[in-house]
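What follows is a pair of complexes built around subunit A, which joins subunit B in one and subunit C in the other.
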Partner chain A sequence: MRATFTRYLSRHPGAVIGLVLLALQIIAILFAPWLTSYSPVEADPLASLEPPSLAHWFGTDVSGMDIYARVIYATRINLLISLTAVAVAFVIGVPVGLLIGFYRGWLSSLVMRMFDFIQSFPIFVLGMALVSVMGQEIWNVSIVLAVLFIPMFARVIRAEVLSLRERPFVAAARCSGATDFSIMFRHILPNALTPAIVQISISVGLAILLTAGLSFVGAGVRMPTPEWGLMVSSGAQQMILGVWWVSLFPGLAIVIAVLSFALIGDMAKDLSDPTMRDRR
Partner chain B sequence: MTVAVRLAGFWGTVPRPLKIVVSRLFMLVPQLFGVMMVTFLLVRLLPGDPALLLLGNMATPETIAAFRERLGLDLPVWDQFLRYVWSALHGDLGTSIFTSQPVVSDLLERAPATLELITYAMILTILIGVTLAIVSVVRPGGAVDIGSRIYGLAAGAIPDFWIGLLLIYFFFYMLGWAAAPFGRIDTFVAPPPVVTGFYTIDSLIAGNPQAFFSSVGRLVLPVLTLAIVNAGALMKMTKTVFADVYRSDFIRHARASGLPERTIRRIALRNCLPPIITLVGFMVGFLLGAAVLVETIFSWGGLGQYAVQAVVNSDYPALQGFVLVAAAFILVVYTVVDILYELADPRIRV
Partner chain C sequence: MRAPDAAPLLAVDHLSVDFGEGAPKALSGVSFELRRDEVLGIVGETGAGKSVLARSLLDLLPEGGRIVEGDIRLDGASVLGLNEAEQGKLRGARIALIGTNAKALLDPVATVGAQIARVLRAHRACGRREAWAAAVDLLAQVGIVNPERRAKAYPHELSGGMAQRVVIAMAMVANPDIVLADDATLGLDATIQVQVLDLLVKRCRELGAGVVLITHDLGIIAHYCDRVAIMKGGRIVELGEVGRFLQGPRDDYSRTLLDAARVRPTPMAGQGEGAAQGMAEATHAKPLLDVRRLEKFFPIAGSTEVVRAIDDVSFSVGRGETLALVGESGSGKTTVGQCLVRLLECDGGGITFDGVDITDMPAKEFRPLRRRLQMVFQEPYVALNPRWPVRALIAEPLRLDPGLNARGRERRVRQLLDLVHLPLSLADAYPHELTAGEQKRIGIARALATGPDFVVFDEPTTALDIRVRAQIIDLVRDLQAEIGMSALFITHDLNSVRSLAHNVAVMRHGKIVEFGETETIFAHPTQDYTRMLLSAELPIEQGLLQRDRAEARRLAGTA
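Moving on, here comes the complex of A and B:
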């Protein structure tokens, strides 16, 4: 197993880059206080808008906060929001998808129509409206994203279940006296999970972009919380005047985070695809 | 019974294109009803008194009482919803707290700016996305194929608002090539008289080259921002569709029969049309969401910026109105896309 995994990595530089970028984020989350001596929320009016230097590696923003410290600490907030949202969406979406795929009646079609409906709204517009209505708190951003993502997970699982429930092994389980519950969760679910797991990495990337976008327009977390989208937004005005460092670095952090999950998603897709097994 | 049979018989004689259009338009009604339910519930989700929230802090007790009366807040929720639908259908979406104008006239005033931005962004997105997809499928392993793979990965990870700021920094601040990111037209140029609401078209109609070049200049960076971010996704999806068709049996047969490569490419593309139309429809939804961010950066003065203002000022009538109009617009786009899809693919039975 380990040998095949190293062989896969040696042939797929993208996967290696993805893992390295993920490692950087984990280090930033765990060791933030050791990586910088500055506080991420402490303003220093005397050091406003200083360009990158040895004292302030990424420069300072308009209120004199150290951008390097804020970028590092923001990893915690951004990934916390995004991972929580995706985890909640996974935990709710997967059983719902399993149920509406297994039992096909009016209730299942009603739930599907509801999902169609939620997904027909432009996701950013609906997210923005919901967060601003519920109140601009970190947890509300997570909850809103989770609600928007539940249909995605339910849909992938449902599609798998629809084909799996007709397979002979399900009939065999039923003949040996298995209950619906045990058929669904012990026999079908393990076989249906792969696409949902690939969907996790896609959703985390999307969640990071949406979180940052929401804070950017003022419908997310508020100052002085270190959050990437908010930081890009705080530098937007100065960009026109040639002050590039306030927005550049938090934006790069967003790109790194989203890219790492996209690359890891590609890897998960390859590794879970049985037809790829020989080529590993 | 006989009426139903007759109706069925009549339906059978209706020409196919008309059948497609009518049946799709028929489905639009319950969908729009659902959209209104969501926007209605949106404001009901709020803790507190909807009347107070919809009127803002400046409201006097008398106006609040009158407004409660009008909304029917003491009536059952179902009645309240019907009242909301009734007034929305009559073009009354309430009054914006921030601009003190009717929300409908605010939205109508700003819609052309957003539509102009989205239209040009859409055209550029399709040009970039579809061209890259075709070239990388026709020449696999070539420079375009490899480059577009990296671009597709990167485009999916770049936030649109950030790339917009970088473009401003490079092309406006550093190089001085681009127009200033403040609105749709230079301040010293008078906007052309409104015909279509698109500055680029109206200025041509008015025969005003100065306004034309000014508005084109202002469009360059926001359109580029939207296209860079969205063309990647369109390219990836088009590539999958086009590659499937390009390697299918009927194309192999066409090649074996000695058809020139140009013709083969055209046939393959024609067969990709239905899924590409659907993708393009989805892109409109993406672009509308992205326009909210991009308009803020470029002070575009369209619907998106209006929505952001509504969020920042807790202007709930404006926000509710924007969500309703945006969702209804997307539904209409999806309907048009469905109709085009069925028209483009003669195999689909209506």
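Moving on, here comes the complex of A and C:
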């Protein structure tokens, strides 16, 4: 197994880049206090909108907070929100998709219509409604995102299951005495998982962007909590004045995070498929 | 008309191909010539390099493949030095390739008429309407009924045989000098295969083209080819006149191939008068499986009509008996098999297994019976879960046996691998790492795992290499002798039936049209349909006879 992994990495530089970028984020999460001497939330009105310098590597924002420190600390918040949301959506969405794909009755149709409802609902309205009911906490942002992502996972799994359940190996398994449970979870699920794994990486990226959007409309994280999306939007106003650094660095952080999960998603897809493992 | 001693149409001279430095050669030192008006057969098992050869003739080698040595000459002029544009002109115009699985070769979003017209216009300047008319004309020439309507059909609306005719029509567009047919009839019904090959060879003879027929079926060689090349491991081990080859191959390997293809079923053990009587008595006493007036309908989309896939079918199989269900694709034979193992619910009639009516038995009650009633699936690869290693695949049905723990299952897996003559080292392999023959054996091992009393074999020998086919037949026959199980053989390969089955039921359009003892049916078929199925087989010996007659005809023609 280890040999397979090393050989895979030697042939797929993209996967190596993905892992390195992920490692950078983990370092930022674990060692944030050691990586910067500034506090991410402490404003210094005298040092407002300073361009990048030796003192402030990424410059400062309008209230004089150090952008480098905020970008580093925001990794915690952003990955926490995104990963929880995606994990919850995966854990709920995948079995639901499996069930509604395998058993097709009125209940399955009902669930699908419910998904239509959720997905056709404007996410920001949904977000604001939930946040106003439950309070403005980062956990609530995770829940909003999870609710939005569950139909996505359920749908990709269901689409796979619909074609997989007609495949001869499922009939063969039934002849070998496999129960519905065994056919669903041991036969169909491993074959249906690949698009869901790709969906994970897409969703993590999307989650980061949506978190930013929710913060922007005031339904998400609030200032001064360091969060990449919030930082990008707060810098957007000064962008036309030539103040590029406020938005650029958190924007780059978003790119790195999204890219690393996309690359790792590709790797997970290849490694989870025995017919792909040995190929180039 | 042509000078007989001009340079050969196609000359391949010491051709070697490899895939990367140091990799074993896919072709090494292959030499042969093809003359006008000649049909050259190339035979070999999977991996012998037949397709690589065909592709290197067109310079369409898969990525990484390159010609390292040798030359290919058309009418004496080398084609290897040509640039991309000149080669493009060569393909289609002078050399045409007809591949396996015609449907995959056709563009799914264009009508077949439009596709042929497209090829026509690529080869000569003509108007849209003119090209369409020519396409319809070509379809008519390849024996497609109602060509105007068929020209407007999309590939998915055609049957396999029809699609193959379309591909042939397309290949003939530019009157090519050389036609390469790479397993062009693989997977078609025997009756359709004969029609398609007849058509192909006839059209080529009319055009005076040289044909290279690549196949693994020596019956095809015996019937259609003038000369034959036997390939093994990227080399031609024997090359010569078909007649001489069939009478006595010089090479050891070609001899094994020919012997394997000739496996003429030793009559079933004790299938004499007495045994048949004994069998009949046993059947009368209490059949293991009894099917009465079985019916299965499928709805047609957008219509109130139904397809009568199984229409009033009755038969019974005694203990230790093997019944063959023979028919073309679409005759409903596979549907019968699926009803027996309850993959499909039947719409009428009844199935009794060992005295128990299983027709409407709830799935939960039927599950323990699956141990005794098993099925080997048609396409070995798609019937195995691609994510499961062999060990888990074979162990799966063993879960039906509650008395077996993990260690017991592991032991049984080893026994089963041994039983189907597979090495233990394959236990951790995944299906895609196995050859078709190995996959088939895994399928058989799965079906036999629980020691069933009755096994449905769905097309156990289709699309397998000659030697593998013979091995699988031997294997099944030995197993039956050892275990004494009953079996239903679903097949269109009459040769394999003859070596295995006690009785034969011929199915057509969902009905059994003829039923009887195997040898009786082979000797005295009463139905025209059965006779047609029998005549579609291409036994090698008969090929020799036909060959003499054809030769005589040809000589008469030239004189």
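Please note the rule applied: the second predicted complex is superposed on the first by the 211 of 280 C-alpha atoms of A that agree within 3 Å, B and C clash if a C-alpha of one lies under 4 Å from a C-alpha of the other, contacts with A are read in each partner's own complex, and residues count from 1 in each chain.
In this section, a contact is a pair of C-beta atoms (placed from the backbone, for glycine too) under 8 Å apart; a residue touches a chain by one contact, two chains touch by 3 or more.
The shown structure was predicted, so the numbers you read here are calculated from the model rather than taken from an experiment.
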For this session: For A:213, decide between first (touching subunit B), second (touching subunit C), both and neither.
Result: first
Exercise. Once the shared chain is lined up, is A:122 touching subunit B (first), subunit C (second), both, or neither of them?
Worked result: first
Problem set entry | Partner, of subunit C and subunit B, that touches more residues belonging to subunit A | B
For this session: State whether A:9 touches subunit B only (first), subunit C only (second), both chains, or neither.
Result: neither
For this session: Check whether A:147 is in contact with subunit B, with subunit C, with both or with neither, and answer first, second, both or neither.
Result: neither
Exercise. A:49 contacts which: subunit B (first), subunit C (second), both, neither?
Worked result: neither
Exercise. Taking the superposition as given, does A:242 touch the first partner, subunit B, the second, subunit C, both, or neither?
Worked result: first
For this session: Check whether A:177 is in contact with subunit B, with subunit C, with both or with neither, and answer first, second, both or neither.
Result: second
For this session: Name the residues of subunit A shared by its contacts with subunit B and its contacts with subunit C.
Result: none
Exercise. Mind pulling up the subunit A residues that touch subunit C in the complex?
Worked result: 167-169, 171-179, 187, 190-191, 273-275
For this session: Going by the contact rule at the top, pick out the subunit A residues touching subunit B in the complex.
Result: 14, 117, 120-126, 128-130, 132-134, 205, 209, 212-213, 216-219, 229, 232-233, 235-236, 239-242, 244, 247-248, 251, 254-255, 258-259, 262-263
Problem set entry | Of subunit C, residues touching subunit A in the complex | 338, 341, 343, 367, 370-371, 374-375, 377-379, 382-388, 396-397, 399-400, 430, 432, 443, 446-447, 449
For this session: Sort out for me which residues of subunit B touch subunit A in the complex.
Result: 31, 34-35, 38, 42-43, 45-46, 153-154, 156-162, 165-166, 168-169, 172-174, 180-181, 285-286, 288-290, 292-293, 296-297, 307-308, 310-312, 314, 316, 319-320, 322-323, 326-327, 330-331, 334
